[in-house]
Amino acid sequence: MISVAIVGASGYTGLELLRLLSYHPEVEVTTITSRELAGKCLSEVYGFSGKFASLIFEEPDPEVICKKAQAVFLCLPAGKSQEMARIFLENDLKVIDLSADFRFKNLEVYQKTYKIEHKFPELAQKAVYGLPEIYGEEIKEASLIGNPGCYPTSVLIPLIPLLMEGLIEKEEIIVDSKSGTSGAGRKAENYYSFCEVNEDFKAYKVADHRHTPEMEEKLSQFAGTSIRLIFTPHLLPVNRGIFSTIYVKFRASLNRVYEYLRDFYKDKPFVEVLSLGRYPRISEVRGTNFCKFSLFEDKERGRGIILSVIDNLVKGASGQAIQNLNLIMGLPEDLGLPKSPLFV
Amino acid sequence: MISVAIVGASGYTGLELLRLLSYHPEVEVTTITSRELAGKCLSEVYGFSGKFASLIFEEPDPEVICKKAQAVFLCLPAGKSQEMARIFLENDLKVIDLSADFRFKNLEVYQKTYKIEHKFPELAQKAVYGLPEIYGEEIKEASLIGNPGCYPTSVLIPLIPLLMEGLIEKEEIIVDSKSGTSGAGRKAENYYSFCEVNEDFKAYKVADHRHTPEMEEKLSQFAGTSIRLIFTPHLLPVNRGIFSTIYVKFRASLNRVYEYLRDFYKDKPFVEVLSLGRYPRISEVRGTNFCKFSLFEDKERGRGIILSVIDNLVKGASGQAIQNLNLIMGLPEDLGLPKSPLFV
Amino acid sequence: MISVAIVGASGYTGLELLRLLSYHPEVEVTTITSRELAGKCLSEVYGFSGKFASLIFEEPDPEVICKKAQAVFLCLPAGKSQEMARIFLENDLKVIDLSADFRFKNLEVYQKTYKIEHKFPELAQKAVYGLPEIYGEEIKEASLIGNPGCYPTSVLIPLIPLLMEGLIEKEEIIVDSKSGTSGAGRKAENYYSFCEVNEDFKAYKVADHRHTPEMEEKLSQFAGTSIRLIFTPHLLPVNRGIFSTIYVKFRASLNRVYEYLRDFYKDKPFVEVLSLGRYPRISEVRGTNFCKFSLFEDKERGRGIILSVIDNLVKGASGQAIQNLNLIMGLPEDLGLPKSPLFV
Amino acid sequence: MISVAIVGASGYTGLELLRLLSYHPEVEVTTITSRELAGKCLSEVYGFSGKFASLIFEEPDPEVICKKAQAVFLCLPAGKSQEMARIFLENDLKVIDLSADFRFKNLEVYQKTYKIEHKFPELAQKAVYGLPEIYGEEIKEASLIGNPGCYPTSVLIPLIPLLMEGLIEKEEIIVDSKSGTSGAGRKAENYYSFCEVNEDFKAYKVADHRHTPEMEEKLSQFAGTSIRLIFTPHLLPVNRGIFSTIYVKFRASLNRVYEYLRDFYKDKPFVEVLSLGRYPRISEVRGTNFCKFSLFEDKERGRGIILSVIDNLVKGASGQAIQNLNLIMGLPEDLGLPKSPLFV
């Protein structure tokens, strides 16, 4: 049994970690922290039930955590993970950080994007970007993981292999993404209130979203040149799910592209390249750690269209974090992670 | 043209007043106030468009309002309307108060229910309860209206005539109501956030809701004896609409009850007693000022079941307030009020 | 490993069985049947993924099934299970029937309610009503289970012990239930289309629902006298979840009732009696096999109010069916069944 | 008073025409037809109430209609309007066709797109495309209107003036649109059932939607060259609303583009170019005849992003049809059409 702690467990990603880990056969959660909820029992909060229902939120105290955990998930806002990660690493814990603090290699971009100074550049360089389908080998050896953003997960999985293989043009990539509202976290704001999300649909942070530079850094790494991305996020009136519509220009036939990707991902337990003609839906990944995508082509007009879906709380956050934990701990990559969706 | 002011116009009932009045041929809105939004233009807020889009929110200043309005709608929290109403009445404005401040005759009950002292008991006695189908004649002569609560509107319309006529037992009345989330007002709380209302359903304030004594006072008045009501409100994951399922015991045949109610409401423009066997739906009243209800009977088990629907923002608040204004001002009761629903 | 077949696997309860069983450590699904989908692979249908994704729907052929399964789940319309059950029982399979065919002991009531003749009355008498919290000992010895209706599950769990112990009056029980739309099954009808359920709320089959006699039979058995129930079902604009608001009259103090129920259910893995004052929500049981309920009292008005929630597809159907399978097969009652909810 | 008939009034656009016309001061509806609902009263169907509640659906009989109407709205499937239009025109009725039959000038494209032969090419040439903001002058003189598709309306309003003025490149235009489910019409299919739309999001007809050639024809007309468009439609889990995210390349500064469009549309009652930085939302146009859009720029990456919203049932169908009627009949363009949204 591996013992883990969750720091900042009061939000939706923390809660989802607890849900998912409660079904994991090799993980025990020993500490959950939350300044806001310290002293409260998990069963009181959101009516949580199951294996961990009697856990009690504690004030975050690294010393206590280090005694009881081999690995720690950090579910903190950007900027707040840096120091925490350092402490846990010094105490030989494995650290999986769900914030943006360890996603970037280019810290100037991080600092410009998040308006936060990075205090531990050497840690940032040591950290591995936690996208297991691409960085799996490095993750196995890592002690510090920068768990990817939700949008980037849905976009990088289809695009990285295509850029590696030169199967798409490096220019004119446009990503139009739609995210369920849980992606915004647990926020008491009118903007996210039921009456102002339900029956509505809205774009936000057009040409200004913080996941754009994250995607660009990773894509550029594999393209061998600087990739720029037009990225537009929208808020969907659903709880969970990301749907990314990606516009590219294929440099090979649709069939060739399809077969290459099928082959590239054939051993990956959580990626499904749909048969040509099939449409992905966010309901098909709800509650699971899958990324599913399909390829279309407007031949007359010379464009490829990729439709990619994930559950933002699972593959886009907590599930992927557990997939990373599995790899770090030498467990089967897919251990304890859900694959059968709540279609309805 | 009648000139009106809306005090406390930043919430959903204020906004709905503006939407409805923008289609009213005889009303001009001269002032809208909001401490929070003072200085802002209505078109900036919620992207409001149409006739009143260029109105600007002002700090509430009774003196200014009195100069520009013949009538005023008060959309303020309980307790805040008392003093405002007094000032406007002294200046000969008609006052339609959407809070609970002028709904009660028994001020002990008001004080116990709202934990607020009533400073103007004589005004409370002078005020008329703004349910036009029942108190229409008094409303025409009134200068101060206590506009009914949303739940009470859906319940009193079917029950008052039945109690007047002795067609139901006075005991064992149970009301199980379900309200759209806009009924809670515009609130930045996790409890009302999209992710915690959508795909959820919850009861609240069981055996403790403030509309219970309001309903009991009005029902008792017509029953000639003290009526007690079991009332359970629930939160529906829809924006608008109240659905009340009311359990009674008929003292006459279903047909007799039905015909009596059809007759009772035959000249009322906003009440529809559905044909026996037809089911009301909240979609059938969406955006309109209707209360529609139908009657069922479980003959074997000796119970009548009444299903009653309204749009909580229209007949349950702002639409009914305008219906009251029409009556006070000597206009046709239904002038400018919507009857055709947004079924979809 | 136990091998099971699912007959009539194309609907939502079949799909949910597959989802749940894919996480069960001791069950293998060997056959899934559907006339409509015969020849299709599960992965094509609803984009199902995970352990059973490559299963192929077959025409229902009892002979084939009998060779490959020790137990069978019947997800067929009322009337269609009778003959199927007989065949499988003769071949020594355990049968868990999700239709109403084996829920009733009084077959006159069954016949009157479902307008279907019962061809195997002796089987109906032999069948055990699959509510494990109440009939657990008999289920362990049974070969034929009549899996309870979804509404009855949410109602019987709180009410049976109270009637057994005489803690509520036997008269004037009123049940006001609200169900997610998946409870209607997979139906291509305008009544269940998105635009006519979303933002709507409607009652149906008032005083005429087929679950009323089912509940009455079971309650009467434990009350020692005939119990009549007023029952009103409503359609909620959510995918999953049942919320039952139950009006009773307590014959003891709220505390006494609460403690009795806590004690009654203390060893039951899937029942949670919430602490006094806490409200259940359907989100707290989403995706799980729990029934959670809480007790309220309107002391002034002399009524108890019980709020009970389940996930209609899990505890209300497929999860409970698996719980029954576990018991029949001598496995731990809660093996492989989810307890941690998808709160969001 | 103008008397109009609605042929094919049983679907959502027919119903929306009735809702909107019930608030129109100068229009009387004399006939509504529906083969499916012939003989039924509008009040029975969808619980419709208001001015037209007592109208009765009739079998479509052109002779009868011609006697009672000056203008007719055709709400028929593609291909079914051709003959109907001819008959009504011969009888001197004005015809507003909501199908695609009279939207195209290039009938080869029509035939290829809809797989339907066009029997009256001369009528197609005579017909005016009913986008009043662009074709207003011709509409005033027309007797036959091809009312635009819903997606095209949201796209053409921002794009046509930009192409006319040469303010965007003619290549690389990408349109990513999301539509509320009412856009699919009233359909009893699992694909549109509540459980399979709610909490889901899906693309459809990628690179193959019939509105693409419609948009291309109109854009090409104003660009002076053939315009190709990449267009991807998606199904939103809301009842009403279209949101189009349009990717272009500006050939002038954002400010210049903005000012040009503000000026272009300054006298148009139903187009609002939002101030720079403001985001449109579908809730801001719900129930109204507005098209609102705003302009963004990703300067670093050289792309303009236009966000455009309409209510698909109003500006995208029935409201625009009435706007066309107003113009044809010499009434004020905006007479009787709603401008204040149901924001909640």
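Note that the chains are named A, B, C and D in the order they appear, and that numbering of residues resets to 1 at the start of each chain.
FYI, a contact is a pair of C-beta atoms (placed from the backbone, for glycine too) under 8 Å apart; a residue touches a chain by one contact, two chains touch by 3 or more.
Chains and their UniProt names: A, B, C, D = N-acetyl-gamma-glutamyl-phosphate reductase.
Being a predicted model, the structure only gives us computed values, none of them experimental.
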Contact-richer chain pair [A-B vs A-C]: A-C
Most distant chain from chain D by Cα centroid: C
Intercentroid distance (Cα basis), chain C paired with chain A, Å: 36
Distance from the mean Cα position of chain D to that of chain A, given in whole angstrom: 39
Centroid spacing, where centroids are CA-atom means, of chain A and chain B in whole angstrom: 46
Contacts with two or more other chains, residues of chain D listed in rising order: 12, 182, 195-196, 198-199, 237-240, 280-281, 283, 344
Complex contact set, residues of chain B against chain A: 12, 181-182, 186-190, 192-199, 237-239
Residue ranges of chain D touching chain B (in the complex, touch as defined): 12, 15-16, 18-19, 22-23, 44, 46-53, 182, 199, 239-240, 272, 274, 278, 280-281, 283-284, 287-288, 290, 292, 313, 338-344
Chain A-touching residues of chain D, taken from the complex the two chains share: 172, 174, 176, 178, 195-196, 198-204, 206-207, 228-230, 232, 234, 236-241, 243, 245, 247, 279-283, 286, 296-301, 303, 305, 307, 344
